[in-house]
Every structure is written in structure tokens, then in C-alpha cells.
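Read from first to last, the chains carry the letters A, B and C; within each, the first residue is number 1.
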Amino acid sequence: MVTLVLPRLVDVSAASRRSASVTERNVAALRSVYWLLLVSGFVEPLLYLLSIGVGVGALIGDLTLPSGAVVTYAAFVAPAMLASSAMTGALAETTFNFFGKMKYMKLYDGVIATPVQPFEIALGELAWAMLRGSAYSAAFLVVMVVMDLTTPVRALAAFPAAVLVGFAFGAVGMAISTFMRSWQDFDLMSSAQFVLFLFSGTFVPAEAYPAVLRWLVEVTPLYRAVHLIRALTVDTGGWSWTLDVLYLLAVLTAGLLIASRRMGRLLYK
Amino acid sequence: MTQLTRPALPRVPALRVLEYHLVGYRRTWRAGAFSSFLLPTLTVLGFGLGVGAYIDGGVGGVSYLQWIVGGLLASTALQVAIAESTWPVFGNLQWQKIYFGQRSSPLRVGDIVAGHLAFVLFRVLTAVIAFLLVTGVLGALRSPWAVLTVPVAALLALAVAAPTFAYAASVDSDSWLAMLFRFAVIPMTLFAGVFFPVESLPLGLRWLAYVTPLWHAVDLCRAAVLGVAPAWSVAGHLCYLAAWAAGGWLLARRVFARRLVV
Amino acid sequence: MNTGRPLIQARGLVKRFGDFTAVDGIDVEVSAGEAFGFLGPNGAGKSSTMRMVGCTSPPSGGKLRILGMDPVRDGPAIRARLGVCPQLDNLDPELTVRENLTTYARYFGIPRRVARARATELLDFVQLSDRADSKVEPLSGGMKRRLTIARALVNEPDIVLLDEPTTGLDPQARHLVWERLFRLKQQGVTLVLTTHYMDEAEQLCDRLVVMDGGRIVAEGSPRALIERHATREVVELRFAAESQEAFAGKLDALGERVEVLPDRILVYVPDGDATVAEVAALGLHPTNVLVRRSSLEDVFLHLTGRTLVD
């Protein structure tokens, strides 16, 4: 991935070592309360699953997917909760925390005075966000298996997909952060995030929407992420999810390219 | 000609504090309006209409949209009230130190708390009224009794904002505020009868839901919007919420006094 | 260490921000073991120059070689051998004092064990051992500065860049920093620093350039600069009048040069006490008289017509 994105880079091992040192800093910064906050991060999607998936699900009964598969409402909602929590987790780390480190703590002004370069900072921060996000995803998949919403084999297949979703949103978040001017701008972002969360085929199939809205929804990254994970965990057959993988890979590459270029411009004044 | 006189102390000093917060709000209201008005509306659409379309029988004889609207109104009031009394309170103490500036004026601690609480109330009321207008236009309100949700929302706001003031003023890291959302606000929103009836919860959890102030407001608001009697006694609900508000107020004033009078 | 070739070599170096030219074609050479200073007021282009030397700001023009390498192409390799102490401390507020050093060492790829040993050593050097496990926030300004300096030394750099190392510190804290920097200098570390304090430049620099408006207006050792651009002594006179101007004309003949400042008159002379007697003989009665040695402040005043700190 590194060489693909940055062909100029010759010494991959030195670069990944430097990226790792940025990740390491975040591990060192883990303190009591923050730890608790971090570890408890996985309960949120679980609460949504229990409330909407099980609670509201009792009012709904079963759903028929476009492929013809009939699933419980909880099984329908669960993959969407996994995808959107991967999104939320990645964005929290790469927007809020990243922006704070760049703008307010001036952390990276110190880092760029060392051999570490802006794109290595970006990769290091992204790796950290993914470490965190992957742990949540794994925990949630275990819950899905325990609740009999998917099979262990499918859960294993869905894990790398969830990691990819996190990576893609993490890269986008980092790119967005480089354009942010103040904390106020983040209100807009979290509103946009909430809109995606509500309408990306998360709680009802996108097929239920009017045609125009449906097409709009289907090109958003969260919809693709939900579609991908739903296909792997509950749906039957079909290869349409490979398109989602390509889409997310493209988003990831674009996000990383924009982020490292913009960071270079912001930091190397 | 005229002599410069010492200005008289304001009759209700807390109003001066409210005025201060309103002036600040004039600059930032757009972002706030977006999240406290548009997002609840979208939730009504996404859940009431979207998910509701899959709930054939409705709930308790009414459509899911009509059923959920009262609960969403109460949960909007809760969200706004707590959002406005966590980071802003913590920030005024730890970052911008606004309270300390106010404290060095003739204002008393009670005035500072009351003035800021009044501002939280203002934010909740504007959000709730906007919510009522939109849902009214959508035809989701079945009864004119719906206007009674406004005072209920105000009481709920005080019931949760006052103790949150105390909490936000006593923690030493803003990570604790995120914890409040994760372990209190989100679970309350999801399980206190907003999205599905609490009766379908297992007994232990059901009692946990009854303990939350949100459930009492949800029951009242839902009844008002549907034009029916609430499941529990109205007076009981109101007293319970008032107890939270009063307890929270005493606690908040004590914590503030400890922080501000050194 | 290679003593033959200069460690830093700049020819016609330029830095522009849009229409504004911060550094306007400067030539600088720094050799190994030297303590080199950029002296100048705020906005003279010192910090921009330092950032270019630190390879975190690409030059807009001219030629720049650091340790014989190109700062744009070989940035990481050069930075691996630099220690940078920026003008504003950018320590990590989420880490302890010690962790600030160990994490920073990791950015240079220094093994953990070595990093820990190095941190202990450096904390001792900057006299912060007893605060090792404290957070950064409660440290005083002087302590933060010393920690930043320790951080700049974590990779045993060939060159240490210090951008206004003591600006904003109280006198006691400044002396402590100077003393530590002097120790480094004795150990043969190449120091490059910027300052707008003449006493700092005089204390620490073997050689310096005076910068004003993005250009170099003079270069040499502090002593050579004073000899070239000022007299041995200065008489400062203060008159109890609205304007000092009226008295200046009468003093012209007394010294090699007379500078009129808003609040006092400076007369540059070889022998101050003799001049004070001459002033009295002229029948002038200043409210305040001070005889002192010339300093770099006087050099700067002479070269630019302005004072360093305004």
C-alpha cells in the first residue's frame, strides 16, 4: 500500500519504522480515563443493536433482502452497526483528535523537525485509528456470532472488510481535517456523519427510498460499507460486494494522497 | 450636569448571566440550530417514516410515526440539555475560565449557575418548539394537547441539566464527559421507551428505564402528542422530574461554590 | 567530525511568503564546533532562516547545503543529525517529562533501551530529574525550555538549532539556560541560535550576523563588530526636557558619533569619564548620566538606526 500510494519513496522499511514511532506515541499517551473511554468504545454499536435491532425488531419481524434472503431485523441491522461504528471510530481518531494534535497541541511541528515526514505521520495516525477500530470490530463480530446473527466463518471474512471500512473513513477523515479551520467546522461534519448513519441502508433497505434518493444513497461510502459487510455476514450469494471493496480502496487511496499532500503544505511552511 | 453614579445592582442578577450567554450565542447559533433542529427532524423521517413503513400494525393502535414523535421530542430535549451542560460548563471552568470572571463581579454563585441554566433552558425550548412545528406540519401530532410537551421538556431539561452541571464541574478531564454520553445519555436514549415500548424490556432492565428521568418525560410527551392519558400518574411523573431538578440544583450550587470560592 | 567543510552553507538564500520576502538573499557559512548567532529584531527573518536550515521550510531561492546535503531532497537524512529547539515550545502535553524525551527519541529510530538511558542522562543535564514523571503543563517556562533543549539533544545531533532560546524567561531562568548551552559549546557541539538579546549573543556566540529586513547587515565576532561599528565607551545622557533633540547639537563635537533616542542621547567616545567632564564644562546639566562599554545593541543602532528590542 505504501509503495502504491507513494512511488517516490524508496526506503519502505525506514518509512514504516517512522510511521510506527508515531503510533507508539499514542500508546504512550494512553492514560487512565482515556483508556476506559477507549476500551468502552465497542459498547455503543452493541447498544444500538440491542435497542433498534432487538427492541424495534420485535415490532418489525423479518425482512426480505433484495437477494430474496429472509433475515430477522436484528440480523439486518447488525452489519450496518458494525460498518457505521467502524466509520465513527476511525473518524473520531482522525478528525477530532488529529486536528487537536495538529492545530492546538502543535504536536506535529515538533515531529517534522525529526526524520519523520508528513505522510509518515498520516500513516502512523491512521494505523493507530485502525488498531483501535479493528479491536471494536472484532468484539462486535464475536457478539454477532454469539447472538446467532452470523456464522463464525462469515465473521472471519467480515473482519478484514470492517478493517478496510475503517481505513477508508480514517483516510477521508484525515483529509477533511486538513481543511478544517476551527472546532465549529466539526459540528457540520458530525451532522453529516449522523445523516449518513440514518440513511445509508442502515435501518431500512435503500430500496425503500424514492428512486432519486436511492441513487444518492447508493454512492455514499457508508452505504457501500454497509452493503459490503451485510453481504459477507448475512446475505446470500452474489459478487456485488467486490465493487464495494474497489470503491473503498479508491476512497482510501484518494484520502491518503490528499491528506499527505495537504499536511506537507500546512507543516512545511 | 449629571453625576456619575454607581450602577445599581441588577434586580435579578442571574438575568445578566443569561444575557452574557445569549450574546455569545448570537455568533454561533447557526451550527447549534443545525444539530439541535435539523437532526431531530431527520430522525423523525428516518425512523418514523422509514422504519415505520415496516411496522405494519403500528404500536398500541397508532402508527409508528405518531407513536415515536413524543419520545423523540423528549429525547431531543435531553440531548440538547446535556450537550449544553457538559463541555460548555467544563470549558467555562477549565479552559476559558468564564465563571471566574463572573465570580469577581458582584454575582453570587447561585446567580452564575441559574443564569447558565436559564440559557440551557432557552436552547432546549427553541429546539423543542421548532421540533413541534415541523412534526405538526408533517401531520405527526394527533392532538392539540401536544403544546403541553413544551413545559414537560423544560422540566426534563432542568432535571438532567442541573445534575450534569454538578458532574461537569467536578470532573478533572473532559474524557469523563464522553463517558457520561456513552454510559448514561446514549443508553437512556436507546432504552427509555423512545424507540420501542419499555414493556418489552426484561423486568430488571425495565426498572432501570423507569429510574431514568427521560422515561417519565417520554410517557408524558407521548400521551400529550397522542391526546391520551399517560401510563402513570401525571403528578407522579412531574414530582419525580422536579426532584431530579431540585437535587441537581443543590448539588450544582455546592460544587460550583467549592470550585469558585477559593 | 569533518572540520574542513562548512556544516551549513547558504548562498543567496531567499524565503518568500506570497508577496512578502522574509529572507532576502543571505550568505552564511557555519563550520563544525562553532557557536553561530543570528542577531536581529522581530521580523528580521531569523526564524524563517532557522526553519530552512532545519529542513522544515523549503527555500524559495538560492542555494542551501546542510551537512553537505540538499535540504529538500535529503530532509530526513539531514534532520536525523539536527537538534531543533523552536521558538515556541511544542512539547507533548499528554506525556510526562521523561516520555517527551523517550517518544521523541523513537522518531529518530533510537532503540527503546538507548532512549531510556539517554532520557535519564539528559534530564540530569537540564536539571529536571526530580520532575521526570510530572506532566508538562505544570512546569515553569524555564523548565519547559530546558526540556525542549534536552529533547533537541536526544539524537546526539551534529548541529543544534536554537530559535530565541531564552525569550520570555525571567533573568534567573535565562542564566540557567545560558549556562547549559555554554556547557554544550565546551563539549564541541555546533550551536546555531537566533536572538534579539545582545547579551545573549555576546555570551554565547563566537561569530554572528546582524540581520535586518531579511538581509545581513554585518558579520563577525561580537568583539570585532563592536570595534568596527562602535567606540570603546558610550555616555548616556538624559535631559529633563520634552525633547532631547535641542541638546544634541551642542554635543555633536564631543564624540565620534551621537545618537538621539526618544528618551536619551548616546555619545560614542573612546573615554567616557573625560566626556562627562566636557559636558559639565559646556554648562549642560543632564538629570541622568551613565558611562558604559559599547555593546552589540550599539552596533545594531549604528547599522540600522533602530534599537533591537522595541
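Just so it is clear, a residue touches a chain if its C-beta (ideal position, glycine included) is under 8 Å from a C-beta of that chain, and two chains touch if they have at least 3 such contacts.
Since this is a predicted model, take the numbers as computed values, not measurements.
Asks: Taking each chain's centre as the average of its Cα atoms, which chain lies closest to the overall Cα centroid?
Replies: A
Asks: If you take the mean of the Cα atoms for each chain, which one ends up farthest from chain C?
Replies: Result for the farthest chain: B.
Asks: Roughly how far is chain A from chain B, going centre to centre by Cα mean, in whole Å?
Replies: Taking the average C-alpha coordinate of chain A and of chain B, the gap between them is 31 Å.
Asks: With centres defined as the mean C-alpha position, give me the chain B-chain C separation in Å.
Replies: Result: the chain centres lie 56 Å from each other.
Asks: Distance between chain A and chain C based on Cα centroids, please, to the nearest Å.
Replies: 47
Asks: Which residues of chain A touch chain B once you look at their complex with the stated criterion?
Replies: Interface residues on the chain A side: 33-34, 36-37, 40-41, 43-44, 47-48, 50-52, 55-56, 58-60, 63, 73, 184, 187-188, 190-191, 194-195, 198-199, 203-204, 208.
Asks: Spell out the residues on chain C that touch chain A in their complex, using ranges where they run on.
Replies: It comes out as residues 17, 51, 54, 56-58, 75-77, 79-80, 82, 84, 86, 88, 90-95, 99, 102-104, 106-109, 151, 155.
Asks: Mind listing the chain A positions that touch chain C in their complex?
Replies: For this pair, the touching residues of chain A are 14, 17-18, 21-22, 24-25, 28-29, 31, 105-107, 109-117, 267-269.
Asks: Which of the residues in chain B come into contact with chain A in the complex?
Replies: Where chain B meets chain A, its residues are 28, 31-32, 34-35, 38-39, 42-43, 46-47, 50-51, 53-55, 57, 59, 64, 173, 175-176, 178-179, 182-183, 186-187, 190-191, 195-196, 200-201.
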